[in-house]
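What follows is a set of structures to go through.
Both of the next two complexes hold subunit A, though its partner changes from subunit B to subunit C.
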Partner chain A sequence: MPLRIGIPRALLYYYYYPMWKGFFKALGAEVVVSSRTTKDILDKGVKQAVDEACLPVKLFFGHVLDLKDKVDYLFVPRMVSVEHKAYICPKFLGLPDMVRHNIADLPPVIDVTVNMSRNEKNLYRAFAEAGKVLTANPLALRKAYKAGLKEQERFERFNQLGFLPHESIEQMEEGLAARNFSPGQPQNMTIALIGHGYNIFDTYISMNLIGKLRDMGIRVVTADNLTGDIIEERSNELPKRLFWTLGKRMIGSAFHYMRLDSIDGIIHVASFGCGPDSFTGEIIERHLRRRGNLPLLNLTIDEHSGEAGIVTRLEAFVDMIQWRRAAQ
Partner chain B sequence: MRGYLGVDVGSVSTNIVLMDENENVMETLYIRTQGQPITAVQRGLEYIRDRVPAGMEIGGIGTTGSGRHLSGIIVGADSVKNEITAHAVAASKLVPGVQTVLEIGGQDSKIIILRNGVVTDFAMNTVCAAGTGSFLDQQAARLGIPIEDFGEIALKSGTPVRIAGRCSVFAESDMIHKQQMGHNLPDILAGLCEALVRNYLNNVGKGKEILEPVAFQGGVAANVGIKRAFEKALGFEITVPPHFNVMGAVGAAMLAREATRKTGRTRFKGFAITQEKFRAASFECGDCPNLCEVIEISGQDRILARWNDKCGKWSNAEVSGFRRKKIENLA
Partner chain C sequence: MKVTFPHMGSMYICLKALLQYLDIDVVVPPMPSKRTLTLGTQHSPEFACLPLKINMGNFIEAYEQGADTIIMAGGVGPCRFGYYAQVQREILHDLGYNMQMIILEPPQKHISELIVKIRQITGERSWLDIIRAIRFAWYKARAVDEVERIIHRVRPRELEPGRADEVFKKALGWIDGAENKKQLDDAVKKAKCSLVRIPVDNSRNPVRIGIVGEIYVMLEPFANLEIERHLGRLGVEVERSIYLSEWINDHLFMGLLRIKGSKAAREYAPPYVNHFVGGHGQETIGSTVLFARERYDGVIQVQPFTCMPEIVAESILPTVSRDYGIPTFCLIVDEHSGDAGVLTRLEAFVDLLQRKKETVAEGAEKKGVLQCADI
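== the complex of A and B ==
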């Protein structure tokens, strides 16, 4: 029986799952993902995690709990940096330790460190380390690494076609397109949704934000639909380079979308208690004001935000866009 | 002659207005919801029914407020709109040239920015209900003064005390402290008004360009102490429009008129609904770990609507026709 490697459906899953899966699969392992977020998973996570953590980190704990008895290994990489001189949030950095010290009876945790800040080759080193539980053959590791990268490229291509990451993953696994799903179809309104992938693509904690917008006939675009170059270029408009990778994605994509005539509004989604989010929202709002009058909505989600409040704000926001259009 | 009804079911009050074809408000009603939105709507409609002039037929009915979906099902609404849009519509019609709407209700507060009669920006308070009507209610009750007299007493203040307005829990302990120190009641109440306004402008109004004319509406606008505190903070006069406490309902009636103009007929079920028995019940769906609390509204003999399930299994079942209509209204 192949070894089962568990990957929690939370946090960087929405950014790197295809690469991780491609790598482990090429080495003959079976990759098991936790179930979609439910009230039960969130409740368990909130109970188990440290108080000070933000909601997405607490949710990660819930997903670990969901997986722990179903797999031989848990993959919780220590993601320090994924690019030159920019970093992932410190809470992600301590993730393997937090998980290990807060949850009892865990299967062994594969907690390789990914730090590409100084040297991009560190990515291979991390993968080679992670693959050790499966093989010692350097050639096989190198091949699996390439397979992972290839999957990641495929994933990004789908994203750039207009799929959202959770749909690209589904597309790669089951073929969404075969079921008549076309993401890029023109709608009468397009809204750029700016927020961390692990907040906006998790239908439970985002309270199905994307589904709600689409039900209103709105096309949703996110930072994931853009290439890294665009994000880098646009975020360079700030006087000082941002050293948070995820915050930079939000700012760069917002700066890009605010220039496009095809965008009718921007919705910024922050999680309550996220330090960087509190100022990315502010920076985006200020730049938007300076440029003119593209509508912006700030939404904050936390574990007890009511769905009714979100719906009211979304409806009012869409009404406002329609009203402004009618007046033009 | 046709009349239009607007129903605003908020957390604290339920408001109903009757408007004629020319958007003149003929009757208004402001009653407390008291945790029973269905009964409040029925009682309110009963009151309005007896005041509809002879020869007037109801051409449309619209609902808004946090209980808009519930009441929309009960009355058979032509339009079900969020309260931000409803307030903006009403203010732009009733206050000529309005550029800013400040609205403070029972549980929430909002600011709406209009330019050339079009909403360009809005914000609502976040999770915290500090500085809304309920807090004032609670403090008035604690001090044993009727909420109606709150503002008048605050106006008598010479030197308002400074009260921490960031959080209602801290505001309360601050007020108790000041009262034990010996400050008089008007100064404490005026201080509370200023704290509430400061909190509002810093949170809800953060970064917004507040330009004249400003309309101040919602139940709290009845409080002259708050109005004066706003004027002091902003440096210019603000307007409390007529019908300020039922503006959401006025907007809902206007939106209903708009909606029926397209369809030509109303879905209003008639005043008979005031006598009907409605039942709201909820059950926990145990089919998946989400354990959604599904709400079920039933009339005398059948289920009218279900909602609050994440997967749509219950809301689509049985009442699908009704549900679809409701969604059309939202769009």
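== the complex of A and C ==
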């Protein structure tokens, strides 16, 4: 029986799952993903985590709890840095430690450190370390690593076609295209959704924000639909380079979208108490206000968010954009 | 050019000394007050951490007093502090305050990077003068810390509560007023003499508490609601995991001087925190282990609300508490903190420790029990 490796459907799942899955599959393991977020999963996570932790971290705990009895190994990498001189977030740096000290009876945790801040080759080292539980054959590891990278490239191509990451993952698993799904269709309104992938693509905690916008006939674009070069270039407009990779994505995409005529509004989604968001959100808001031509909606989500409140605010925002158009 | 800087505890004494030594016009912002915080909160991002808001208030109040240049520290993350100056500049820009910001980024490779930045402020002064000024400021930091250490010992033992604080306040004034090394030495001597004259009861065996956590909240009494003074009044001997001079040595001199620094604390962080997590997260855990080994009675972690590294530490602290049998308590502050509520919680924690100390003295020690007070 193949070893079962568990990957929680939370946090960086929305950025790197295809690579992780491609790697472990190539080594002959079975990859198990936790169930989709439910109230139960979130509640369990909230109970285990400290009060001050942010919503996505609490949710991660919930997904770990959901997985822990179903798998032989749990994959919780310590994602320190994925690019030169930039970090993800302090909470990601301490994530394996937080998980280990807050959840009892865990299966063995694969907590390799991914730190590409100084040297990009560290990525291979991290994968080789992670693959050790499956094989000691360096050739097989190298091959699996390549397979993982290939999957990740495929994933990013889908994203640039206009699919959103969670759709791309589904697309790669089951094939949405076969079901006549095309995301890039022109609509009469386009909104740029700026937020961490693990917040906006989780349909439960985002309260299906993307689905709701689409039901109103709105096309949704995110940072994931842009290439890394654009994000790097736009975010470099700041006088000091931002040292959070995800924050840089948000700033870069917001600065890019605010220049496009095809964008009608920007929605910034932050989770309550998110450290980097408090700064990136502020910078985006100030720059948008100085330009003064694009509406911005700031949504903060937490474990108590009521759906009705979000719907009302979305509707008001969309109505306002329509009135602006009518007035022009 | 009228230069100002943000407050952090008694750091103003060193910075003022440094700049005045070089004949630069200094505007020391008014000590942080309710007004500072209100002004800062009004213009800062809602979820930014407390230090940013107090800094913001300092800048606005300094601007009102005529300052036009701000000296601010930078950083390379992942803690938010490294980006403070950038956000603050945007805010000041939108407020229409025309202030220049000189941001001292921590030297990446060599201490000379810092000196080059200081040059930007000092202009034509000779290198020798600058180095002398830095050295003088450093002596002041050491002097403040020396007096503060004694204060921590005297507070729980003094017979008339409040005497030590009176002397401390005066001593800070003497140190601040010293214009050269000789006067500084005299000031310290004078402070020590005054402290010795305070009547104390040396037979007391006070509860000992270690304070760990986020550096700004630890060093700035306004931010931590004067936790050290309150604890002292409750008869507790307080020790802090880091002092201003150690912080300066660690961060600005890159650990050049061989004094106790945060490195020792970091070495004790594994197996609890196995990796650097930004800010002082690792040091918080490591210092707690150290305090436990030195048989302190309890540890209090202080942090500003939404502080990322401290949240990591906070979620791991219960394990340390269980393993070492040391009670811990976490105090989180933000602009809504009120001292009455905090004082009640501190009293409760100190009561628990006192009781424990008595029962342990009777020989009923318990280990392996979670003693993280959730009050």
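Everything that follows uses one rule, which is that the second predicted complex is superposed on the first by the 328 of 328 C-alpha atoms of A that agree within 3 Å, B and C clash if a C-alpha of one lies under 4 Å from a C-alpha of the other, contacts with A are read in each partner's own complex, and residues count from 1 in each chain.
Definition applied: a contact is a pair of C-beta atoms (placed from the backbone, for glycine too) under 8 Å apart; a residue touches a chain by one contact, two chains touch by 3 or more.
For clarity, every value in this text was computed on a predicted model and none was experimentally measured.
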Superposition on subunit A - do subunit B and subunit C clash or fit: fit
Which superposed partner A:Y87 touches (first subunit B, second subunit C, both, neither): second
Subunit B versus subunit C as contact partner of A:G273, first or second or both or neither: second
Partner chain in contact with A:A327 - subunit B first, subunit C second, else both or neither: first
First, second, both or neither for A:I283, with subunit B first and subunit C second: second
Inter-centroid angle subunit B-subunit A-subunit C after superposition on A [Cα, multiple of 10°]: 80
Partner chain(s) touched by A:I41 [first = subunit B, second = subunit C, both, neither]: first
Subunit B versus subunit C as contact partner of A:N102, first or second or both or neither: second
Partner chain(s) touched by A:A308 [first = subunit B, second = subunit C, both, neither]: first
Least Cα gap, in Å, left between subunit B and subunit C after the two complexes are fitted on chain A: 5
Residues of subunit A contacting subunit B in one complex and subunit C in the other: 272, 286, 289
Interface residues, subunit C side, partner subunit A - complex: 45-49, 74, 76-80, 82-83, 85-87, 89-91, 94, 103, 272-279, 281, 305-309, 311-316, 318-319, 332
Residue ranges of subunit A in contact with subunit B within the complex: 38-41, 204, 208, 215-217, 272, 285-286, 289, 293, 295-296, 298, 300, 302, 304-305, 308-309, 311-313, 315-317, 319-320, 323-324, 327
Subunit C partner contacts - residues on subunit A that touch it in the complex: 49-50, 52-53, 78, 80, 85-91, 93-94, 96-98, 101-102, 113, 238-240, 242-244, 270, 272-279, 281-283, 286, 289-290
In the complex, subunit B residues that touch subunit A: 66, 81-85, 116-124, 126-127, 207, 288-291, 310, 327, 330-331
